[in-house]
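Let me begin by handing over the structure; questions about it come next.
Chain lettering (A, B, C and D) follows the sequence in which the chains are written, and residue indices restart at 1 in each chain.
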Amino acid sequence: MKKFTSEKLHNEVVLRDPVHGYIHIEDKVILDILKSKEFQRMRRIKQLGPVSYVFPGATHTRFEHNLGVYELTRQICNIFAKKYPSQTPADGLWDDNNRLLVECAAILHDIGHGPYSHTFEHLFGTNHEKIGQEIITNPNTEVNQALRQVDPEFPGLVASVIAKTYPNPQVVKMISSQADADRMDYLQRDAYFTGVSYGHFDISRVLRVIRPYKDGICFNNNGMHAVEDYIVSRYQMYQQVYFHRVGRSMEVILHHLLQRAKDVYQEGKILVTPELAKFLEGNWTLADYLKLDDGVMETNFSMWTDSSDEILADLANRYLFRKQLASIKITDSTKPLLPKLKQLIKEAGFDPTYYTEVNSAFDEPYDAYKPTGKNANSQIEIMQDDGSLIELSEMSPLVKALNGTFQGDERFFFPKTMLAKNIDPQIFDPIYQEFAKYVHNGQLQFKTE
Amino acid sequence: MKKFTSEKLHNEVVLRDPVHGYIHIEDKVILDILKSKEFQRMRRIKQLGPVSYVFPGATHTRFEHNLGVYELTRQICNIFAKKYPSQTPADGLWDDNNRLLVECAAILHDIGHGPYSHTFEHLFGTNHEKIGQEIITNPNTEVNQALRQVDPEFPGLVASVIAKTYPNPQVVKMISSQADADRMDYLQRDAYFTGVSYGHFDISRVLRVIRPYKDGICFNNNGMHAVEDYIVSRYQMYQQVYFHRVGRSMEVILHHLLQRAKDVYQEGKILVTPELAKFLEGNWTLADYLKLDDGVMETNFSMWTDSSDEILADLANRYLFRKQLASIKITDSTKPLLPKLKQLIKEAGFDPTYYTEVNSAFDEPYDAYKPTGKNANSQIEIMQDDGSLIELSEMSPLVKALNGTFQGDERFFFPKTMLAKNIDPQIFDPIYQEFAKYVHNGQLQFKTE
Amino acid sequence: MKKFTSEKLHNEVVLRDPVHGYIHIEDKVILDILKSKEFQRMRRIKQLGPVSYVFPGATHTRFEHNLGVYELTRQICNIFAKKYPSQTPADGLWDDNNRLLVECAAILHDIGHGPYSHTFEHLFGTNHEKIGQEIITNPNTEVNQALRQVDPEFPGLVASVIAKTYPNPQVVKMISSQADADRMDYLQRDAYFTGVSYGHFDISRVLRVIRPYKDGICFNNNGMHAVEDYIVSRYQMYQQVYFHRVGRSMEVILHHLLQRAKDVYQEGKILVTPELAKFLEGNWTLADYLKLDDGVMETNFSMWTDSSDEILADLANRYLFRKQLASIKITDSTKPLLPKLKQLIKEAGFDPTYYTEVNSAFDEPYDAYKPTGKNANSQIEIMQDDGSLIELSEMSPLVKALNGTFQGDERFFFPKTMLAKNIDPQIFDPIYQEFAKYVHNGQLQFKTE
Amino acid sequence: MKKFTSEKLHNEVVLRDPVHGYIHIEDKVILDILKSKEFQRMRRIKQLGPVSYVFPGATHTRFEHNLGVYELTRQICNIFAKKYPSQTPADGLWDDNNRLLVECAAILHDIGHGPYSHTFEHLFGTNHEKIGQEIITNPNTEVNQALRQVDPEFPGLVASVIAKTYPNPQVVKMISSQADADRMDYLQRDAYFTGVSYGHFDISRVLRVIRPYKDGICFNNNGMHAVEDYIVSRYQMYQQVYFHRVGRSMEVILHHLLQRAKDVYQEGKILVTPELAKFLEGNWTLADYLKLDDGVMETNFSMWTDSSDEILADLANRYLFRKQLASIKITDSTKPLLPKLKQLIKEAGFDPTYYTEVNSAFDEPYDAYKPTGKNANSQIEIMQDDGSLIELSEMSPLVKALNGTFQGDERFFFPKTMLAKNIDPQIFDPIYQEFAKYVHNGQLQFKTE
């Protein structure tokens, strides 16, 4: 491994961080990345998007998260370099020549994200991974200029680590695996800012037992319970925060709002800022993408509240002022009832295309613990006293219980008004009376008259 | 006191809050205020403005802070109602008929704030206090509609509490005094989100010893040290967070940026969103004001980075991408040197009007502990065993040390490039060489050649 | 239900508590119990006995734990009285006339414990439950005198709540069930003082969703995950703290030490304080029992280090100065090897009776989550929107995984010296060489030469 | 400086610590010290003695504190070695050859303490500093044996660091100065275990700015406020915890109890354990001293509760069961009234010698911030950008306020019964009526009839 080095800063720079205490920056290249426009832009993109509508404290941004992933990666490198330094090329230990590479990959792993990535990508065909690769490798970006100082090859290598094509599995898995610096940061950070108590696991113990081995990264035997607890924390955060029905409701509205904007854009009923216009026209560049952020999107939404298109104006209002949709749990057996519900909703005056949606938490971009499948080698391994490895779920009854079974639910979202009868039994409108017959205990049910 | 009552919610609503655990909402009027457009809008206005450029975690908004002030007020009312219920009109104890009134005043005390209030008001002649009064009393706002449900007089009374003209001093001082729910919330909240350790004081003890008396609110003797610690926490937060030179630098840039926008608006060199245009034209309404938020401002700044006006474009870039100004401490005796510095700055190619500023932390909108002066009755009183009162600084050597002496400093801000010589002694440009002679240990000094 | 009342204190008394913030005492009877000799004595009995040998911070005592259980019980009563007050005798809601009773039962639920209860009871035939009942009902104790002030019947009723014979299941289960104030306090407290991060669950959410129903206490649907997390916390605390092999090793030594003292007492080789002498003679009274505490036991051990009985002196030294035994995991299939190991240990000069033990963590006094079995009605129920109940493990995959399967292990303890060969391969003593063949990866194994 | 090295442990040993997370042990000599009898004995000596009577959580021991001081010292050495390594003998930077020496001095700095050191020393003429030196240098102790492994000179050098005679001021001041590892640990630790919120300062920032200089240890300019906050924390902990009147009351009782034991020992009215007997006889050895701990003392007190000497039995009961004395503040001007009060107390049946005491918090063993005086060079210095030093109180108005002025109070302790009239105005006993005239607002006052 060629050793890449960066000019060291004369004085270490630190940033205060509520999760890790301090972020420590010792290399000029890291500081230059931090100062780049592409990175600073992430200050204006919330980490959890509409989740702050449910947990008001969750206003933290991708900026801090990326710094946090960098900081954890830096700490893991320190631990590996001290405790497991490689002596010979194939000894399965840590070659610290990879440090600068993995630190840069860590701080840049999410650089391609824009506002509301998931919804936005779905509608406009953008791809945050590809855009991230471009930001890193395109010579016009400040990020690329920072990386090139190290070596002309360096940007490409950083991109390959993020793309998981870099040959050293320890380097790749430090930032992309079932127990990587990315997840370890966001669980703690999201817990801190939402204020829930579920994301806390024993990070100091996890860092005590993390270690390299020839195929990647594993954990020593005596820390099995700390790793187990980390998996349980992930499960809890998904159940309690990421899959919260109100957050999903806001995402449904956002999706419909942007869809409606696309649909009516040609009719000219809509004021749009220059950059977003490019996306509505399907004709955007990287520079346009880099001008988007949460505030730009919301500024557009705010202008749309005055649109002559009533649906657009209503959806923009709903999104900006948190007028969420209602929802009920559905199952494969009750799904056949949905057309009837949509019919009632239409009769009540709402266009089902823009006011209803089936949303499944299972297909969220957050993948739960999955030791087998297409990416089978990402399972979490626990190293025994004699150096052999045992996969985590074989040692932990809790992880076994969660293993491979996606948790979550599928819900049908619709305007709250439809539940009028369920809330106030005095309502006599026959539409609401009919609707009420299909809902019991928050679930869709077969009508039992 | 007339008793105002609100419909009680069937089920209490709670919001998770990292600082207070939960915000508890039991009254429909509070929930309706929370749901109003004017209140929801505060989700998009950061509590500390550019401070998040220094402390990345400080992305929390006025929305959460107002909820926090409400929650503390609610808790204080609970304590007063349980421990100090008034029996007769003039007994100096707590009349719980004021509860709903003070809770509404608490949640609405900052409702008039827009983005970057301080800077914005300075330039555009807005006034967040007056606007807040209007939001509460104007029959077209959703906030007013929520309040009117209680009683037609109610909005006016809520406004009077915030304006400190309401006759009951206990009610007024619960949200406006040297030790009120407002300060108690923001100190803790700002500390939590910045991640500094200075804002923590013993809130549980302060709440144990807080009590009403005939002229307002005081504290029992046995909690003197907790109140003392709260004052020290305030001092530390000002020194460490609110007066941080980098945050002030970003505010200086913001000020110049908006000034420049005003100056060039007539020339038409500038794309502006509809609402901000109204302010640049000096012709705005409440509805326009309510459309402003941090994102709208930053969207405008983002458009301005492409302006043909170079100064505007440069300042917009500086603000969005955190290219702060440098600064040095100045004193009355060294101020006479500033014209010379400005001359050098001009020679280096920067227009001093837009690239320099004298900024004093003393005139920040945050007032330090001040027991005397125009508002002399706001001093903090400690009740002795026999019911007599002693002013806090008479009991505490620490508070005495801080008493009446504003802490802070006065700084001169200018482009960082000017310090080139101070950073790299090899620089030979005579302008920088000359400039360097005036700077020592971060302070402006008389040149000693 | 007869209403029992106690004189209210003029001023509430509070004690600072790191876990709950403050312990609030409003009734004279609670204060009198707190001041009683029998209760003050618990200051000198550690909550976790020898666990402080593993986690040095775990020096907290039964005194604080009992106060904590009282405080949680008080808070639950407040919640029930506010949210679920009984209107008619059989409505399944909370009758607050039971408050004083359950608070007294809570603070006294462990009053019968002496030093090292588990080991001590085993050897001396004491029974902390019976002794607790006696302390409460015997008219000579200060506890009984405090309780009698309320009503002559009151001590008996308090005793019946602790004995679970009191007819109201809500009262009984508040302090004795799978999710009671006792467990909720000790999990948090033991986590705080040991410094581990596993015992933290969302107590504020659990208290938000706890509620009475006709057969006891259950939890509202929307708090299922908080209760689930509490069960996971319990599991983790057992695995990580209560079942720690070093703590168990110290308990094994303690057991052998006291056994040896009993065995040699008749021979007069042993100095003993007057009260412990009574137990060694098998002739003790309640007054003797109440004189025992950790310090008295350790003072005896300290005197025994000078005993002419070598085994006694050695074991006393080992206990006082933390010279733990080694241990290995055993299974039913490897147990047949133990006689061979004991033979080697004997050959190495240690009497196996006093220097070896099979210790199973499964039979510790801490029972894991157990919804079925002899006490089947103690399962945790979650109340659905329509008032129906679902048992927790049916809703939670994690709890289902833990349900009914005791976690833990069985270990064989022996002198560390026996592992000499495993630690230093240069050792040639044939005894140690032979012993080493039976140990691999911390487990007993069949010899494979 | 000769470099002393210790065998490195094959695997680092860690102990969980609630304050520092983990205590890291890398050297065999440190582990051997930890395992020594003299060190393990500190598990049985509470750090704060009778303070746990006021703050029930404060059961932590000198064992953990010493480990904590060691851990902080280790961290400071790491920081110094990385950031300020000495290049030439007189460059004023850190010579890491001193590391093992200062770590051993840190962990052993309190090794001479016995139970209730302050009171015990006063009565029995022991001296914990001298005893500490002896434990370290006497070849019969396990501590000395551990240290001698390093070098025959090593024990003497360790002792000299603790005695402050070692020539390198950086080494000495790391554990003995106004801002040393000792104070930094106990403030945080005592705050954690008492549960008060006052002892928290920003240790991570203090460690970021601590640095060596030629005369010792100072702090960088940019951390002035963190150091200031540490001084304020100390002040608050003294006011709120260490000087608490109830804790002092228990210490007064302890003092009188031991005094009485001494006074009546000759008469043989008293059962005593063998080691304490040696002290009552005035004829003790180091081995006797090392057998004392809190439990041994309390076991003696427990036996004394049955003594035929009534005063001894009463005082023992008071101490064990927390029957504190009352107290009032006194001043130089009111002190002349004390003989009259003592007379009344005698008339009420209490021997003033054993039931009253003037106790001044000023002469507690905890010294407040003191930059001048006999140890003038221990002031806290802040290093400016140009390397010059400014003493802390010149930069901080808060520290200036506390500078050189001992805070605290002087109190007169006496039996609570004497206040009967103050508590219950219906009391007509003339003694209590008379006594009441001298007490107002918790202070001694001149009688105003």
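Here is the rule we go by: a residue touches a chain if its C-beta (ideal position, glycine included) is under 8 Å from a C-beta of that chain, and two chains touch if they have at least 3 such contacts.
Not measured: the values here are computed from a predicted model.
When chain centres are set by their Cα atoms, the one at the greatest distance from chain D is A. More C-beta pairs in contact connect the chains of B-D than those of the other pair, out of B-C and B-D. Centroid to centroid, with C-alpha atoms defining each point, chain B and chain C lie 50 Å apart. Chain centres here are Cα averages; for chain B and chain D they lie 43 Å apart.
Residues of chain A in contact with at least two other chains: 21, 196. Partner chain B is touched in their complex by these residues of chain D: 196-198, 200-202, 205, 225, 228-229, 232, 235-236, 239-240, 384-386, 397-398, 400-402, 405, 407, 440-442. Looking at the complex, you find that chain C touches chain D at residues 15-19, 21, 35, 37, 40-41, 43-44, 46, 52-53, 55-57, 59-61, 63-64, 67, 192-196, 271, 273-274, 291, 293-299, 302-303, 320-322.
Contact residues of chain B toward chain C in the complex are 14, 21-22, 204, 208.
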